[in-house]
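One chain, subunit A, links the two complexes that follow: it is found with subunit B in the first and with subunit C in the second.
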Partner chain A sequence: MALSFPEEVLEHVFSFITSHTDRNTVSLVCKSWYEIERWCRRRVFIGNCYAVSPGIMIRRFPEVRCVELKGKPHFADFNLVPDGWGGYFYPWVCEMSRAYPWLEEIRLKRMVVSDEGLELVSKAFKNFKVLVLSSCEGFSTDGLAAIAANCRNLRELDLRESEVEDLSGHWLSHFPDSCTSLQSLNMSCLSSEVSFSALQRLIARSPNLKTLRLNRAVPLEKLSTLLHRAPQLVELGTGAYSAEARPDVCSNLAEAFSRCKELKGLSGFWDVVPFYLPAIYSVCSRLTSLNLSYATIQSPDVTKIVTQCPNLQSLSVLDYIEDTGLNALSLSCKDLRELRVFPSDPFVADANVSLTEQGLVAVSEGCYKLQSVLYFCRQMSNSALTTIAKNRPNLNCFRLCILEPRAPDYLTLEPLDNGFGAIVENCKQLQRLSLSGLLTDRVFEYIGKRAKKLEMLSIAFAGDSDLGLHHVLSGCDSLRKLEIRDCPFGDKALLANVSKLETMRSLWMSSCSVSLGACKRLSQKMPRLNVEVIDEQGDLDSRPDSSPVEKLYVYRTVAGPRLDMPSFIRNMAQNPTYMR
Partner chain B sequence: FFLKKITFVKHNTLPNMDVTLGLLNGGDDEDGGGVPSDGSTTNRSILTGSKEDNNNNNMVVMSSEVTSSSYPVVGDESLDGLELGLGLGIGGGGGGLKSKMVASGGGGGWNQYARILTAKDFPTSLVSKQNSCSSSSSVNIPNNSSSSGTKRTATDSVSPPNGTSVVGWPPVSKAHRMPSLASQLKSPTENFVSKPEQNKSKNRTVGLKDYLDERNGISNKKYRSVKVNMDGTLIGRKVDLNAHTSYEMLAQTLHEMFFRSSAEAVKPSRLLDGTSEFVLTYEDKDGDCMLVGDVPWEMFLSSVKRLRIMKNSDSNELAPRFEENNQRHRD
Partner chain C sequence: MSFETSEITSELTTADDHGLNLNETELTLGLPGESRGRKLGKKRGLIELKSINDEKNQSDAAKASLDEEQLAGWPPVTLYRKKNFRFVKVAVDGAPYLRKINLESYGDYQQLQCVLFEIFAYFTIGNYTSDDLEFKNCYKPSFTTETFVPLMHDSFNNSIAQRIKYVSMYEDNDGDWMIVGDVPWMMFVQTCKRIRLMRRSEDINTARRTHSECSVSSC
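For the complex of A and B:
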């Protein structure tokens, strides 16, 4: 009986439950479990920083140690979200600095972070340990200097893919000599050169350093020096991988690499000079993760590397690998779980490399554990997609980007409805799907009927009518995030599925056929949604209801309309004409 | 009346899906829907049934892509005086619209389908921006000359030349955009040269100002869409500078945006060479009006705030100022 169970026992049991969804479920069992759970929750994940307010989070979870926040919608990565949209970290850190003096970890994605915010982090949290800023922006190396200088127990500083105003490399020298706790440092997105001696000393006094991702400015000639100081590294991101071809430098580097017996992941490789590639051969057999997506090396060189990595689980490459390289991959890397192939020349219509749908088919045949695919290519066919689907029913993430919008099956000139239909039919655990190519409403019918586990769907230049959107909204039971651009989806489907939107995290629609009036009606029907219209033409208040909106972002929230919207965003609940 | 290019796309149909195509005369608003009478050219489907009727209503699908000629062409009458629209069929397909349908040709399940049209039915290609309503995302599809040699049919006549791009497409994040170009931009020496330019006006006092600046939309970022205004045109446009790699590319995009009507063939832009009646200028972060094309592309990217296409006659007052500014930058 729950009543006779001491709280301490329940707390102890709960401490083994770490997944956010499980903890949320636990808190719904009964009031006493809700109370116990909220007092012992240490990690909070907020997928949309506007879905809830800092105050609400703090009121419910008073003893949090780790906070994870996400800000802008995913399409911000592709410049579809205008500057000034929002996603500010400062209001959060202000309140957390008062409420959570023992906060240890902050993880942010697509948020706007300021130097002042970083300074506050460095001073307010005495036991601060982990800062991960993923695709963030708005801060400079001054903010990093504050973190380096003030966080005595800093374990992790990860700036992956953030846009940092790089004033100088001096920030790194702010780590005090007494700081020996560093386990992970990712500065790959920075451009300035840091003081090499400061870097070297920092690495030398960090015995627990496991992950080190250097930036491009760290020269290759100096890499072996660093490796000698940190042979315990598990993940390394090199700097620029080029230097004058000198055999002594190469053999030094090879020797330094061979000392790194724990090395499992490699990345970096800007400006690769193939002469130096053999230096990594000795570690290839241990590699589980390899990111060559900046390496502009040709197929034979890429192939030579990957075929020496039998334990590879995750690979990112440019399409220079070509079909031949992917074929070799499928034969050598039987443990591959994740493959990402990026386009080397995305804005050119003609193929500059011989990478087609065949490469992906080969990998789907040979790599039995393949679960996650991101593939950019210039041609695709229904038969290839069907083959891939039948080969790999265990796919959970399938993102295909055919570079030309609305490209049909290149063999039959038909839409790719059947191919993607086969994907959702066979891959029953599919959680994430990105569509491309010529697609009619038919593909959405298949998705609505079959993709029951689908959580995130990205659609571009597809569909014929509202029916397509209606299929998705009415059929995909697990849908959380839906992002759509340039599709003929309009008011009808949206208004016919209003309650669905409250079961999802967010919906993004840009360059579709949604009218201003429909947005107002949606907002009226669903008061717990923020229906935000983004329109940079500047005359939203005087537009007729029938006019189409540029961009629409709808998300559920318990925090009401947000207060930090720029002038080109309107919350439809606050529309002055609507109020009449 | 207006004509819309439609085709009917047939696939391996699911057994319980019936689709009907309605063909309506004039402006009749019959049971089954009609075309919006304001003559708008948006390719909208009209769902006249409400959600409750879903169990026995079939949505009519109208596709605006032309597919291969393997699809049977049922009828080939002239379309004068006909409006095309969508209607609801009921049950086995047809319902109240059946009487209006021109059922000819085909066999079996094709009987109820009225027309299947190809691009040949239409005088000019009308499919330009059927899917995008926003001015900021003009759909420019590069010519498909893929290695397999297949040809796209209908949209060929509207394909713009290579080099123009759609905002945010292909969906490659900043980190992965143009690695070959990025290598030119970010080599240490290059960075050293451009850094003073980029950072000269930034007095980094960490404070509340930063937060307020962020709230006011002032950003430190070096990429963005900028507004473009042309003299004599009321409505401005926006262009994504990050999707362009050179002045030529930018000029081409602007030429597409402002000067080209859908029918005319594309001519190379003359915006940059001074021979056109317009000149391309920009406002830099100091507020000065500069001629586009004089500084290296990367430097331009870091200082441009907005673009303006100015009439050539007005640019005379620009020239001396430009000289002045040039002097200033050299100091």
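For the complex of A and C:
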């Protein structure tokens, strides 16, 4: 059968289809579309680096320009994944250096990157433009020096929240004078001081610089100098926001800020001295994004800022904002889409700030466009959750963390099942949910029945029995990622829903009641899953099948068992006793 | 303002005693019915009693400070964010209550010394002269993180040492009591659990890391 369109036309049509899901769907239409699509695919996203191998990716997509990889499970952010787990970038960059000489962009999240890997990136890809290392580790400033020195057309270098071995600030001086292409630089995670003159010159010769996130070591007194060189900035992360209180320094800073007519996003603000806050007032009315989550300033100061930001869409803040501040936010910031409130003192049982569920209720009432919530607090009630749910049916991300595990409704002392039930019932587009507080199996029944669009679910210290897990696995049609810790979920639910796991990216269970034997049986039934048991106590081979596993990570893969597992991780398909 | 004070008492592990005198219970004050959520685990070395002041301070003193290592990975705050909240308690011998400071706010030992000095001066005003406040005497302008000169050790080598009454010590994450200033600043920030400004007469028995040959004279 002849094609209705020539290949070139189809390719041109496909070039307008950018979402990964849509490209995947296009490739399934027929064999010729599969072939055309794979040759013109330029961007690949791999949500679990062990789900596929570099070789498989390269074989299918020979002309890729942008690769995005994710490594460790999300709970690695909270120290639940032991060191040495894996997620190594080097095997990927080795093969890509041979197969993709024209690679332009690499985006990594929670991967282990080495200086050798960065050096290879800097030398193998002549047109390399974008490097984003999000929550990565394993490399030092030497690796950054290689990138700075060798990537002639570097546009973006973003190290957000990575753990970098900071040998010195000298790496920045490796950007050659001929490098003028920089558009985005995020070095906020680094501690060493860089040469200020090198930084200043780099900024001065980067006319397209739009995003600049400084590290803490850049002193406030010098910020105005940098701003004068880059009035075109759209996003700025300050360094430490403290200095001796000097009116002349403050007015210089205010003047420098006022020249930045394009500035829409602010972050940084470590060690804030309130004396200098008025310097940003002139830009507040244009701000769409504000991250004050490292600013240890009290409610009146925070409130004073946010009430001057009527165009704010995204706010991150510490609980110092208190209920009064959130109330003011709900009245001033009608365009707010995303709110994240972090705990100032997460390890103390009793609140030292007056932030309760009322703050979140107020924001849910006043901010009609609110879609995404991350909220740490110390008390919650079913009535508050129900009110929030009814106010904001357009929520797509709701992550609530009540600091005390298993905390009940503080008014009625009941579980919070009904409250979260209201959330999943009213917020029909909910894609991400994190639970906390006292919860029985009933909340999972509600979730399984109602949360049909839910893609990611995080559960901690909740549930009564396997029934809870069974509700989720059997009911949540769109579930991709499930992470569970310290719940009484065990073998029965897992083994009753084995096929479900192949429709998901991954499942994490730690400190639950899953037995070694069940893991083996799961692996046996589902050969295209990697069932990995993590147990740092050793001697996994001699444990009885009835013994509980410490941590379990199950994910679908077409690459088979991985070859880089440390001694404390076992793939159940390779279990010696099983293979008998 | 009248108040009852309880002495801040301590039992410290010595250098030779590898934590065998474990004091497994930490006594804190709690109001009836207050839930404790999670159990407190082993605490090596120190029993602390926070003092009772008036009613308000009674409830303040009842706050349980939860050991972050008891419940791994909870609350779910990223390490990157946790690193920015290195709040440690500062206890001054004889003071009626403790203070808390955020180590991440300071860039080096010099800045820490200034803050500790402020806290010390606040509590000892009128009782001690500036000669007893060793912090300023020991501050060395040339101090950098590379040289990590043990600030306190030198105090025992000069004549001023006789008058200095307070030593700043810290408990590290192994439960050992160390002199502030021994290790590089970043290592200190990461390993310091609490700080104590201790009266010199007691420090003969404290755990110290020192290479000095000089003997410490008792005050």
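Methods note: the second predicted complex is superposed on the first by the 577 of 580 C-alpha atoms of A that agree within 3 Å, B and C clash if a C-alpha of one lies under 4 Å from a C-alpha of the other, contacts with A are read in each partner's own complex, and residues count from 1 in each chain.
Convention: contacts are C-beta pairs under 8 Å (C-beta built on N, C-alpha and C of every residue); 3 or more make two chains touch, one makes a residue touch a chain.
Quantities reported herein were computed from a predicted structural model and do not represent experimental measurements.
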Here subunit A is shared; do subunit B and subunit C fit on it together or clash?
-> clash
Using the touch definition from the top, say if A:S344 reaches subunit B (first), subunit C (second), both or neither.
-> both
In the superposed arrangement, does A:R406 touch subunit B (first), subunit C (second), both or neither?
-> both
Considering only the touch criterion stated at the top, classify A:Q298 as touching first (subunit B), second (subunit C), both, or neither.
-> neither
Subunit A: partner with more touched residues, subunit B or subunit C = B
Applying the touch criterion given at the start, work out whether A:A460 contacts subunit B, subunit C, both or neither, answering first, second, both or neither.
-> both
Of the partners subunit B and subunit C, which touch A:Q200 in the superposed model: first, second, both, neither?
-> neither
Given the touch rule stated above, what does A:T211 touch, subunit B (first), subunit C (second), both, or neither?
-> neither
Indicate the residue numbers of subunit A shared between its subunit B interface and its subunit C interface, in ascending order.
-> 75, 77-80, 135, 161, 163, 189, 191, 270-271, 293-294, 296, 342-350, 376, 401, 403-407, 434, 458, 460, 485
List of subunit A residues in touch with subunit B within their complex | 75, 77-80, 82-84, 88, 90, 112, 114-117, 119, 135, 137-138, 140, 142-143, 146, 161, 163, 165, 167, 189, 191-193, 216-217, 240, 270-271, 293-294, 296, 318, 342-351, 356, 376, 378-379, 401, 403-408, 410-415, 417-418, 434, 438, 440-442, 445, 458, 460-461, 464-467, 485-488, 490, 492, 496, 510-513, 536-537, 548, 550-551, 564, 566
In the complex, go through subunit C and note every residue touching subunit A.
-> 35-38, 62-68, 71-82, 84-85, 87, 102, 105, 186
Residue set of subunit A touching subunit C in the complex reads 75, 77-80, 135, 161, 163, 189, 191, 270-271, 293-294, 296, 342-350, 376, 401, 403-407, 434, 458, 460, 485
Subunit B to subunit A touching residues, read off their complex = 9, 11-12, 14, 17, 42-45, 47, 50-51, 59, 61-65, 67-68, 86, 130-137, 139, 141-148, 150, 152-153, 155, 162-163, 165-180, 182-183, 186-188, 191, 199, 202, 204, 206-208, 210-211, 214-225, 235, 238, 240, 242-243, 245
